[in-house]
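Here come two complexes built around chain A, the first alongside chain B, the second alongside chain C.
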Partner chain A sequence: MAHKRRVHKGIERKKAIWGWIFVAPSLLFFSLFSFYPIANAFYTSLFKKDLLSLRPPKFVGIKQYTYLLTSPTFWNSVKATAIFTLGTFIPLVVFSLIFAAFIMSRKRFQKFFQMAYYSPAVLSSVVAAAIWLLILDPRGLANQFVNFLLNSPGVDHKWLASIGMVRFSTVLVYFWKYVGYFTIIFIAGMASVPRTLHEAARIDGANSWQAFWRITFPLIKPTTLLVSVVAMIQCLKTFSTQYLFVQSGAPRGPIDVITLNIYYTAIRDHRIGRASAMSIILFAIMLFFTWFQLKVSKSEEVSYM
Partner chain B sequence: MKRVVMILFVLSLSLLLLGADKIELLFWTHEDPNRTEIENRYIEEFEEMYPDVTIKRVTYPSRKIQETVLTAFAAHKGPDIFNMEINDEYPYIVNGRVAPIDPKAAGYDSLQAIYGNYLEGVLDPVTYDGNLYGLPLELTNWCIFINKKYFKEVGLDPEKDYPKTWEEMADVSEKLVIRDGEILLRRGFDFRYPYYLTFLVPMVEQLGGALLSEDGKTAIINDEAWLKVLEYFKEWGPNGRNLGSPTYTNARKLFNKDNNSVAMCLTGLYQEGRIRADNPEFYESGEWMVVPFPRFENAVNDLGSAYYGHYYMVNAESSKDKQYWAWKFIAFMLSHPEEYLLKVGLIQPQKTLLESEIFKNIPYSDVFLNDMAKSHIITIHEKAPMMQDLLKEAVESVMLTNATPAFALKRLKTKMNELLEEW
Partner chain C sequence: MMTISIAKKKKPQSLIVDIFIWFFLIGFAIIILAPLAFMFTASLMPSSDVMRLPYPWIPKSFYWQNFWQAIRGNDGSFIYIRNIINSVIVAVSITLSTVFLAALTGYGLAKFPFKGRNVVFLLIMTTMMIPFEAIMIPLYLIVTNFGWQDSYIGLIVPFLTNAFGVFLMRQYLITFPDEVIDAARIDGASEFSIFWRIIIPNSMPAIATLAILTFRSQWDNLLWPLLVVQSEEMKTIPLYIIKFSTEKYTNEGAMMAVAVIASLPMFVLFFTLSKYFLSGSSLFSSRKG
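Our next item is the complex of A and B:
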């Protein structure tokens, strides 16, 4: 008996060693490119440091954090980030689900639709924003198109100018760029639902609508959760669209998301300590949503048995 | 065997020594096709004269180079030679990131000889703690370029009816503008956003205001002057008389096209070289002219736009050898001020050039020079780039959103003074 336990322990030990060997490269990679920068940013956030200065930085403790938490500019960034995130991730989740259901219901041109929706995701954010800047120019296609639809010639919808419109424009660009990406994830989720369940439902007399809401939707709950949390985290990290819009004359205040504020604080103001503190706060927000995802997804595990 | 090892050792040592004599200089600068053409030739000539020196010239867009240089310097990987606008370069001097000039390497007998070669005061922005940290590639002020055809088209005589005041600028623009409802198809004039330190601060100063107090400790002096300028911009924008806006394509770039999209723009003498390169037909047509930077009707100071300099600088972290050769090469490039002027339109403020017939024969050089004589250099401050961003925020909030000038000014004042504080 004791001999059997020893053999069993030996196999477990071997498996554990091989497990560590296989995991080690990714752990090393992750530590080097994720843990270290996070730890370094936290360390830097405790100092007053000029990006160009060769003088040793001055230790200030948590003063950067207390400063930020009382700074109207930082709270404006939190507000801009929240507006953008809520305004973007809800349509992203809803429409990617609709588009995925639409594509899955097609018998023909499935691949074409997948490619058409996904193609903007291949573009770099900078290129996407640059294309949209041309479209949103006062003399560009956006005004012409909307004025044609509304029969309102000569109206300037101020896509990059008024507070509401510039926020809407950033949401529009981001939605256009990422909806295809999340559609593909939903398609993968839908494809994993066993066909037998649909066939059984059809035999029982369920129509497509009922099959979707009673079978597909409950079974892709983990995918829906994944998409919503990933979309939310992506939205919290948005930068290039807002950056390019501001560079092209859009007012910064309404779209001064945290990442943009980090850029201005570090690069224009050279305050790398304060920018690091902002990035740590942003990291904490994202960590909260990751924790939230794990907590919720555990209660929403799906079994086909 | 021993002999083979010895031969290999001697060979590798010789190779190392040969390699050690080679100097490779990395030179980062902003895009300017006319300048690229002549500077690439200077590099070839210099490399021929000094075969042990190789120079790699890399260009970046003028609105991207600031962050590229900054991140490189922050990582201690900065180029050996670089140039940017002086208000972006100044923090590098203050933080000891650039090397003081080596007069001998630059071909001068002494530091005083360098000061003697340039117009008085132009080296002040790069003089710090008694050392000189840069040599000027250009000194630029902005005037108004006018497309005469569009003036004549609306019944204006460009020679007489050009705008002398900012009030006239708005009225003349109103006559020149073509709209499709609210959308501007042709702008009469538009500002050069977002270079507010260059044109907006002088507008405020014309009215007796200032960005900083004389001791540099307080920001936004004379609220009345600031309010008037912010009101002017509110009126200019889409919520006012709708004459222009930062969201339209840069007027300076469109001007050269002569495609009925802009009648006037604000730019430097170098624009002439760019018109010639972009649209020779328009350049030769004689249908463009240059007039001074306008003043406000009730201006108390007769001021043109601020002038800014681009100064060639050398990285303090480069080896002493590289610093020596970098200054030698910079001085070689700058020994061609006439070519920089004729082919690129850059004014290098060397006394001999400004007094030369070549300079006087450049069309409208007198307009620029007269206006420059009534101007001062752009705000030199360690926090100048951030100050410009705060001005951008204030101006665009009144032009594009519904912020009142009083509200925008209050916010600007608070943020500027916060910026000046140590914390």
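Our next item is the complex of A and C:
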């Protein structure tokens, strides 16, 4: 008996050792490339530090943060990011919900619509931005299409030039690329609603409009909340579209989102400390939304009974 | 029988709704697919046609010079071929290492009870909350300190594994039957060969999903190569696209040919593995907490 227990204990110990061996490489990796950098970003944000400079970094405490909070350029970035995020994620959630509901209501061509709507998401974001750069050209398809709708031949709507339009253009690219992606997520959420509930509603005389608002919509509330937060976090991280547009001559100001500002501050202006402070602020904002997401998705477990 | 009698009860109003929905879905499908159709058709037209009013949707004849121009580059250096090879090397090696390391760690967390296992799991999960954009500057400094800038190592190493992959593999393997593993142990298989010969082959659905997600995000990666790469030889596809499209003397048809070449592998993957693409996206809906 005692012998057997000792053998058993030996197996347990062996397993524990193997467990550590299996998780060790990842643990090392995450320490080096996630935890250390975030700690380092926080530390660096307290210094005045220049890229490529031989001068030792100077400790300035929270001065970088107070500077940013009074800097019009930084607030402009916050504004640009907020406008982009709100302007993109709300239509994304609304339209992907509508698309998903409509696609689910079809008996035929479901798979075709799913793939057609999803297909832009397959492209890389730089390719998407490059396509739209040509479409939004003064001679391009966007002007042709709008002028056809408004019957106003030859008008240039300045997609990449005026403040409002260049903002709208980045939203358009992002919406186009991701709406199918979120449609698929909604479809998966809707597919998990038991069919029997719909059949019961039908028998009780509900039409499909009522069935959607009274049954499907309340039951996919967790999916809706999740999609909202995921879409919001995605939008906060946008970079490629804005970068390519600015590189191609669009004004930077209206679309100078935080990620773009971090990039320019660190790489063009060589201000590592200030860029790190911006990174920490971005991190705090996203952490808040992630926490929010976890909170909502935990409290919103649905039961179908 | 039930469904038939209900279907017959349809009111005329619902027929109008039905037609509206068809128009709505088909209309948006056309609008969403139009830019893609534009990319493909414009890549086969001379630039004079690409910007013609109104846009001629069907190329008169296939203008293959665009593809030649795309690969040759504006300066005749053929650097795009090298950049494509770079993208393949980087994306494939990151995908392989992510799948391997995430499966290894996920297996360790799922099947090996050890002290501190939950802490390890929680630590790895918290890294999911650290956005890459917030740590790119310190990562850049680390890579520069190691002297890895402008090299494959610099492009690859910061992405060797990721927390979402670990999470995915752990969730998948937690339901894997212990009896199979124990039987292999009794047969004298080493722990590592159990992982390699039993766990890996039996996790293919999860591995395929993770591989697609990883490959796609790396193929798409602009920010990191933008920081790390300086030379033309080490550029990846997104950087080439930026360079090609911002050069003043670029031509639009060739620009779209560059884009088509860059997208081709993703489209091939999408049409052959659409099942995994679509399930990969819907993972979010089952990812609660």
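Definition applied: the second predicted complex is superposed on the first by the 264 of 305 C-alpha atoms of A that agree within 3 Å, B and C clash if a C-alpha of one lies under 4 Å from a C-alpha of the other, contacts with A are read in each partner's own complex, and residues count from 1 in each chain.
The criterion applied here is as follows: contacts are C-beta pairs under 8 Å (C-beta built on N, C-alpha and C of every residue); 3 or more make two chains touch, one makes a residue touch a chain.
Since the structure is predicted, the reported quantities are computational estimates derived from the model, not experimental observations.
Superposition of the two structures on chain A leads chain B and chain C into a clash. In the superposition on chain A, contact is made by A:162 with chain B only, not with chain C.
Once the two complexes are laid over each other on the shared chain, residue contacts for A:267 go to chain B and to chain C alike. When both complexes are overlaid on chain A, the residue A:150 reaches neither chain B nor chain C.
Of the two partner chains, chain C is the only one touched by A:116; chain B is not. Once the two complexes are overlaid on the shared chain, A:38 sits against chain C while remaining clear of chain B. Between chain B and chain C, C contacts the larger number of chain A residues. Of the two partner chains placed by the overlay, neither chain B nor chain C lies in contact with A:69. When the shared chain is aligned, chain B comes close enough to touch A:252, but chain C does not. In the superposition on chain A, A:294 makes contact with chain C only, while chain B stays out of contact range. By the touch criterion defined above, A:137 lies against chain B and chain C together after alignment on the C-alpha atoms of chain A.
Shared contact residues on chain A (touching chain B in one structure, chain C in the other): 137, 139, 247-248, 267, 272. Chain contact summary for the complex, chain B toward chain A: residues 63, 66-67, 70-71, 73-74, 91-92, 95-97, 179-185, 193-194, 238, 245-249, 383, 385-386, 389, 392-393, 396-397, 400-401, 415, 419, 423.
Across the complex, chain C is touched by residues 12, 15-23, 25-27, 29-30, 32-38, 40-41, 44, 99, 102-103, 105-106, 113-127, 130-135, 137, 139-141, 144, 176, 179-181, 184-189, 192, 199, 202-203, 207-209, 222-223, 226-227, 230, 233, 236-237, 239-240, 243-244, 247-248, 258-259, 262-263, 266-267, 272, 275-276, 279-280, 282-283, 286-287, 290, 294, 297-298, 301 of chain A.
Touching chain B in their complex are the following residues of chain A: 48, 50-54, 63, 67, 73, 137-139, 143, 153-156, 158-163, 247-254, 264, 267-270, 272. Put simply, chain C touches chain A in their complex at residues 2, 6, 14, 17, 21-22, 24-25, 28-29, 32-36, 38-39, 42, 50-51, 53-55, 101-102, 104-105, 107-109, 112-115, 117, 120, 123-124, 127-142, 157-158, 160-161, 163, 166, 191, 195, 216, 219-220, 222-223, 226-227, 237-238, 241-242, 245-246, 252, 255-256, 258-259, 262-263, 266-267, 269-270, 274, 277-278, 281-282, 284-289.
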